[in-house]
Amino acid sequence: MIALLLFLVPLIGGLLTFLPNKSGMARSLALGSALLSLAGVIAGLTLFKQPLYWEFDAEWLQTLGSRFSLKGDAMGMLMSLLTSIGVLLAVLGSWNNDVQGSNRFYGLLLWMQAGMMVVFLASDALLFYFGWELALIPAYFLCSIWGGEKRIAVTFKFFIYTFVGSVLMLIGLIYLQSLTPNHSFQMQAFRNLEIPESKQVWLFWLFFLAFAIKVPVFPFHTWQPDTYEQSPTTVTMLLSGVMVKMGLVAMIRWMLPILGIGVFIWSDVVICLSVIGILYASLIAIRQDDLKRLIAYSSIAHMGLTVAALFSLSGFSNNSNVVLQYHQVGFQGILLQLFSHGINILGMWLLADRIERRFGTRKLSELGGLARTAPTFTIFFLLIAFANIALPLTNAFPGEFLQFNALFHAQSPYRFVFLVLAGLGVILSAIYTLNMVRRIFFGETNQATENGLRLSTAECLALSLVVGLILVFGVYPQAVLDFTNDFSREYVKAIDITRFLAK
Amino acid sequence: MFSFPNIAYFIPLLPLLGFLVNGLGRKHLSKGAIAWIGSGVLALAFAASLVVFLNLPSGGPTLLNAFDFIRIGELRIPFAFQLDALSSLFLLIITGIGFLIHVYSSAYMHEESAEHYGRYFAYLNLFIFSMLLLVMGANYVIMFIGWEGVGLCSYLLIGYWFRKPAYTQAANKAFVMNRVGDLAFLIAIFWLIARTGSVNFVDLPAALSSLSSSDITWITMLLFVGATGKSAQIPLYTWLPDAMAGPTPVSALIHAATMVTAGIYMIARSNLLYTAAPLTLNVIAVIGIATALLAASIAIRQNDIKKVLAYSTVSQLGFMFLAIGAGAYGAAVFHVMTHAFFKALLFLGSGSVIHAMSGEQDIRRMGGLKKVLPITYFTFLIGCIAIAGIPPFSGFFSKDAILLSAFLKSPILYGVALFTALLTAFYMFRMFFLTFGGTFRGTDEQKHHLHESPLAMTLPLMVLAVLSVIGGWVGIPELFLHGGERLIEFLSPVIPVVEGHAISHSTEYLLMGLSTGLVLSVIFFAWTRYRQYRSEESSAPFARLLENKWYVDELYQTAIVQPLHRFGGWLRSFFEPKIVDGLIQGVGRSIRYISQQIRLLQSGQTGNYALWMVISIVVILSIQFFVRK
Amino acid sequence: MNLLLLAAFWGVLMMFISLSGRSHATIRLIAQVGMGLLFLSTLAEMQGFLIYDLKAAEMFAMDRYGLVMLSVLSGCGFLYFLLSGRDMANVGSDYSEYFSLIFFIFCGFVLVLSFTSLLMLFLGIEIVTIPLYILTGSDKRNLKSNEASLKYFLLGAFSTGLMLMGIALIYGARGTFSTMEVVGASGIPTRLLLGGLFLMFFSLAFKVSAAPFHFWTPDVYDGAPTVFTSFMATLVKVAAFAGFLRLFDHAFGSLKTTWQIWAGAVAVLTLIIGNITAVYQQSVKRLLAYSSIAQAGFMMLGLYGLGDGAREGMVLYAASYSLATIAIFSVLTRMNDYTIEGFNGLAKKDPWIAGILAVCLLSLAGIPLTAGFLAKFYMLQAALSAKYGLVVVVIAVLMAAVSVYYYFRVLQAMYFRAAEEGAQFPAFSTGFKRVLTLIAILILVLGIQPGLLLHYLYF
Amino acid sequence: MNVTPYIFWFLSVWALFSALMMVTSRNPVYSVLWLISTFFAISGHYILLNAQFLAVVNIIVYAGAIMVLFLFVIMLMNLNKETEPQKNRWLKLVGALAGGCLLLVLVAALKDAELKSQQAMVGAGSIGLIKVLGKELFTRYVVPFEISSLLFLSAMVGAAVIGKKEITHQNS
Amino acid sequence: MPINYYLFLSLALFTIGMVGVLTRRNAIIIFMCIELMLNAVNLLLVAFSKMHHLKNLALNASVGTDGQLFVFFIMVVAAAEVSVGLAIIVMMYRNIHSVDIQFLNRLKH
């Protein structure tokens, strides 16, 4: 029931938000909906934790073999928590933004949430695909209507790019469905498939391209900085905080357990791409003058690490518990990082948005000295920036730590090279993040930054929430790890391809 | 709760509390309150450390398990503290000297506004907290948390005066260079996890058996690279001199009590591994002595009082690594301790000088301060003697232990080390005479303002001076006093004592006498040369080389930083838009182009349309009937 | 069969009404009522009610599939009359004759959907196309309309010739015109039969505007009066496809291995040419013409992967494509400026209309939650199971992505661009909006629960 | 001695020659005349095949009514001169070539078909007679016959729509 | 007569008509060529009908009538088509005073 509610609340909330024409009203409705779904998730995480509450199954598109089935496993729950927090932050962050046509704005925002919820919770492939697109369309409209100067071309690139990926995935889904004995789109049916290697080799790419574009993995990333730059920051928050996680969740759920052999065959290539992506994005970030682009590239780098870690889980354990154990360690890190990076980047965008709206510029070269004139803001920024470079005791550290661990255990002859190169990303991330901090906050003030900037209550609230989460999960990541422990243990068994090799 | 071992929890928590109170309340608290809170928590922490020190059981370590930081299946990384001889000793040094520096700072930073004053103390407390975590951590991960934490705090403090771009640059540099080392440290941790499944120090002895020798070599090498970052060794030392950008007490903190000693501490902690990796030890010894020599040579021609001290720190750290490389971990830790005393003293003394000189740091513009700053002068002299290594000052004993171990390892090492020690004496006294001797060379205005520092600053100086004198007496060589090496003995649960001197007493006397005599003559030489200030505008290429620090910074700049920078720029402005995105855009553009061409087929001519149809029919039919089988 | 009789009757009725000199409103009303009756009569036939039982099983026989298709056609026709009935008056003075012709065309639809003899297929197609030549040229003063009409006529007659030659060859091979017997159980095709089959294939490919027999389409659709383009591009094309499918399913089904690959090739070529050429178009009308080629490519996939799934998909495709295209054309008809720029800022001016158009465009582009997606989905699913299906399907989806490009250009114009100075938008009446809204709702409902339509195929 | 083959060959050559002339004649009127001539040849074939009904209908409907209509239109438009300018030579060549290829392909494909030994009944058989066909037409084929009336109706309406002069002022 | 002769004759006529369509510019002549194509088909159908008649005479005396009736329907349709087609051509002529299809080029690309 919870799962269904999490989909329905934003959907209906979005519909209701569309109706009133007064901006305040829409805003409040959106906040209400966001709070309600957050409350729903929290209730689901605490009071109604049993799977029973997180499952929903109904007839739908029987002739196609698809059902409306939602199932919240630990990852799904975690991601729905992130989604709810993300939307709440987005609403809070834009509380004073005075959006034109705010009823449409918030309506689309909530629909996007509904789509993402479906993606995170669906256990039916076709439903998953629907969610995938349902999240995309509102995002497209949001970016194109309320975005920056070059929004039309840029978001169009974004849309077409992701669309191409997703239709390829659709082919893959249909193909898999045709292989299942009773023509079903159910996840379990997919997982039970035993697809010969010769098919996995190419099926892999149908899925991987879709997800790689979403994440994005180098060299499929070029839509991202442009889109993040041009979108209204509220939307960018959701795009980068939650939506890119869709790609990873999809890889975790719809690729590794199903196309294990294909993944294994190509894992070196993917890890290689990811590692290149880390370095590439970091180097570009170092030379960025635009705050939003910088954050965008930093996000590419971070996600690159997660993808690399994920693909290094692929392989055969020969049923050795030690190997499975290492895989579980890595996978836990990935789950943790999915959540943590979401939170951090949400905070990052809140701050970037504030700067842009206050000073009308995103250029680092036009800022400076804010540490003196806006100390509170600076503290928030520093904290989140440190989380961005995965400083210990921030939430990103344990995640990255475990991810590197996964990379170290990859079944690849090049793993050490991968590890070191990916590790360079850690250094580079420090360079560009601190560079950004230095250029915005340190040095002398100029005319623009002379008067500082004040945070409103809503913003303080939102930022405090982010910082609180950063610190809590930085000091006690075990809370998340405990939560996902059983799930991840089962999962690494499911993606182990030993059983195929035996045949 | 307040008894051993639980009281140990308070040691890190108190500075953390101070950080939170001062950080959050900085706008609402008075400066006095801030200073009291900041120093007070340290005093309490010191007291707690003392309790811990005194109650330490003689056997194995005491473990305090707070909670599980990361636990996945068999992998357990608890958030745990380990109390044993090594950590308790460091706790004392850190909290003790930290306290003194806090007290000193309360006066030194008095001109800051309350808000920044609060910020400053908050940072200091956080710094101490991180260092305590590093030292108390019961496994490599917790140690790493503190390890990165001190990096962070040094970043914050070096960039404390954030309005000066150069300072914030220096802060960035410090952080980034540290990160390079941190990466190696991290990889070492992964390696350990991969091979042994544990990162706890207590599991190390057991783990040794499951590690192959190449594993051990790799892990120790990587850990050492980590240490070079934190402890400013070749090739990652250049951040430390730049770190002088921070307020002087901060320099004292970094150089004496915290941060730079972390590398030594970490290796001492892992001594079991290192002993099993002779190759690494050799590398460490070579790097250590090379760093010591390099830094000392640079220090000779530096004119900034803090820069001289900074290079001297690098050089002294080199000594410590030399000791480690020679397998004398105890000597290294000993030197950490004595060095903490006299280097803190020297830095705080230099702070006092700078304070008096209204921020002037160039020793060429000083001189004759002996009369105006008597306390500072006197304590500074003690510090210089201690660092030069004249008995019975503390530096003598620790340095002697190191030289001895170097001699045991290889006479060449000893020779170079001795030469470096002489250089040390030379540049220290050069600075000393230039600063305090001769006549005043500053501006009139500066002269007008000259004054001795307040008690809050001089008191720590005096305390440290006393420590600099007597601090070495815990490690009096066997030669002079049987059972005099109390420190080594104390550390023996952690650092097993290697039995048996392979050196005769006469040789040992000879070496000691040689070094002491040479040092004294070098000091005399320095006195003759710098009693009166002489301009040193030497154009000798070698002198210029030293003055410019062997151009290492420039080398890094042109060999690493610039190329990366340029490469990043090229990626950003050419590769990304033109190649990567260009390909994507190219697809779109070519579709548009094809579209533009293909629509010309639609000529509007009915005859053409029919022709196309007929041709298609012919093609399809002929393929169907004559080609397809 | 109800529809055949009713449509014939109504066609004649409309013919005579013009003589009585009734007002446009009356004529329109009668036509709309007639079309509504056609729709209802089809529904009634599905329940087993027949006005008159035409016993001619060897000529034609209505089956469940044909009925569902016919109800989709007449339903869409009804909506089409509601939306665009008024606009026909702007074409020329023969208002009721236009309706009359359309009713006659519906008679042709019945034949095309129910033939069991090649003769009836031929007659059906001719009854559909001959009035279309007229409708295309009905804007007599407009040279473009003339030109389109003549081109259409010449090429159409040419393709009829091909079809007849095909029928003749088949007859030569088998001695019968009955679809049930032309192939028979033997399975091994003779060359004569194959030759006939291919010639019919070409000619039907022409009718559905599949490449490389599509050349007439853009010109004719562009030149014809927009109201009639709407009709031609939707219902006529869909009916032609249904006939195509019916012929190749019933008559040549057992030779599938032979023609399937060519269906696939033609589908791919159609998709590529239709989509890619559309990219460069500036006029929405011409763009829609190319888009209809592109959509035909997708429908060809149904032929390529012929099977139960493809049949269902064809019904859904018929509904989704017709609904969306009719809606867009109905708005386009009233626009002053047919270029894409003409739509700039429509969302500001008339958000309701823009929203509905957006739904339609999204459906055409095949975005999930709209009927267009599921329709494409069925087609892809069907095609994937065929030989070389994967290659075909990959090309198809890539082209679908290209189609997003041009559909979204219109969307962008409406939503993200500001109207030019002095741009005038027509006023849309409430009734018009209501019908459009109904269409949008239908598209969405079919996109979420296609079973509502498809279960008629089986019950 | 059977004359049928000679008649067949004669009619065939006649038909082909007239058809070629029809296609190549510059003057539309000649074209019409040549076409009529072709129709006669084809009617001859019908008679040869004992399909008298079709032969008659062909003469009456085609050669008689339809071709006269063509001729009428051509005369009406005053096209009875060699007005047609040369089409692009290349296009002509390609057109002819394409047509030739098609013929080649079809003939090559079908020549070895199963028809090799089949004969068409010539000069005999009753199915071509009006009596037989008429009976069939009004029994089995009555529905299509009725339906073709719809075709005529729509053609009629269509011709009216197209042919009727627009009431409003004409302008291009 | 061997049916192949009829087949080839019809195909030849058919192709001649087709070549005419491809090469001529005069709409009326193109239309006539199409009529020629239809006639070729008619001839073929009749020939086939007689062939089937001959083959199956023993089984059913009325075999082959289908083909001839089909020809009849083709003629019917052709007549309707001609009426419409000529109307269109005339309309065209009224507007541009030409029946040259090469001038039909307002619609392109």
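So that you can tell them apart, the chains are marked A, B, C, D and E in the order they are listed, and the count of residues begins at 1 in each.
FYI, contacts are C-beta pairs under 8 Å (C-beta built on N, C-alpha and C of every residue); 3 or more make two chains touch, one makes a residue touch a chain.
All values derive from a computational prediction rather than experimental measurement.
Under the contact definition stated at the top, the chains bordering both subunit B and subunit D are C, E. In this view the innermost chain, defined by its CA centroid being closest to the centroid of all protein CA atoms, is A. Counting C-beta pairs in contact across C-E and across C-D gives the higher total for C-E.
Greatest Cα centroid separation from subunit B: this falls to D.
Remark: subunit A and subunit D have CA centroids separated by 71 Å (rounded to whole angstrom).
In terms of their C-alpha centroids, the spacing between subunit A and subunit B amounts to 37 Å. Subunit D and subunit E have CA centres that are 5 Å apart.
Taking each chain's centre as the mean of its C-alpha atoms, subunit A lies 66 Å from subunit E.
Multi-chain contact residues, meaning those touching two or more other chains, occur in subunit E at positions 3, 7, 17-18, 21-23, 25, 30-31, 48-49, 51, 55, 63-64, 69, 73, 77, 80-81, 84, 88-89, 91, 95-96, 101-102, 104, 106-108. Listed for subunit C are residues 119, 123, 126, 130, 133-134, 137, 140-141, 143, 150-151, 154, 158, 169, 172, 191, 195, 218-219, 405, each touching two or more other chains.
With touch defined as above, residues shared between interfaces to two or more other chains in subunit A number as follows: 160. Taken together, the chains touch in the following pairs: A-B, A-C, B-C, B-D, B-E, C-D, C-E, D-E. Residues 588, 591-592, 594-596, 598-599, 601-602, 604, 606, 608-610, 612-613, 616-617, 620-621, 624-625 of subunit B are the ones that touch subunit C when the two sit in their complex. The part of subunit D that touches subunit E in the complex is made up of residues 4-5, 8, 12, 15-16, 19-20, 22-23, 28, 31-32, 35, 38-39, 42, 45-46, 49-51, 53-54, 57-58, 61-62, 65-66, 69-70, 73-74, 76-77, 79, 84-85, 87, 91-92, 94-96, 98-100, 102-103, 106-107, 110-111, 115-116, 118-122, 125-128, 132-133, 136-137, 141, 144, 148, 151-152, 154-156, 158-159, 162-163, 172. On the side of subunit B, the complex with subunit E involves touching residues 599-600, 602-607, 610-611, 614.
Across the complex, subunit D is touched by residues 8, 11-12, 15, 54, 56, 58-60, 92-94, 97-98, 100-101, 104-105, 107, 111, 119-120, 123, 126-127, 130-131, 133-134, 137-138, 140-141, 143, 169, 172-173, 190-192, 195 of subunit C. Residue ranges of subunit C in contact with subunit B, taken from their complex: 150-151, 154-155, 158-159, 162, 191, 194-195, 198-199, 202, 206, 212-213, 215-216, 218-219, 258, 262, 273, 276-281, 402, 405.
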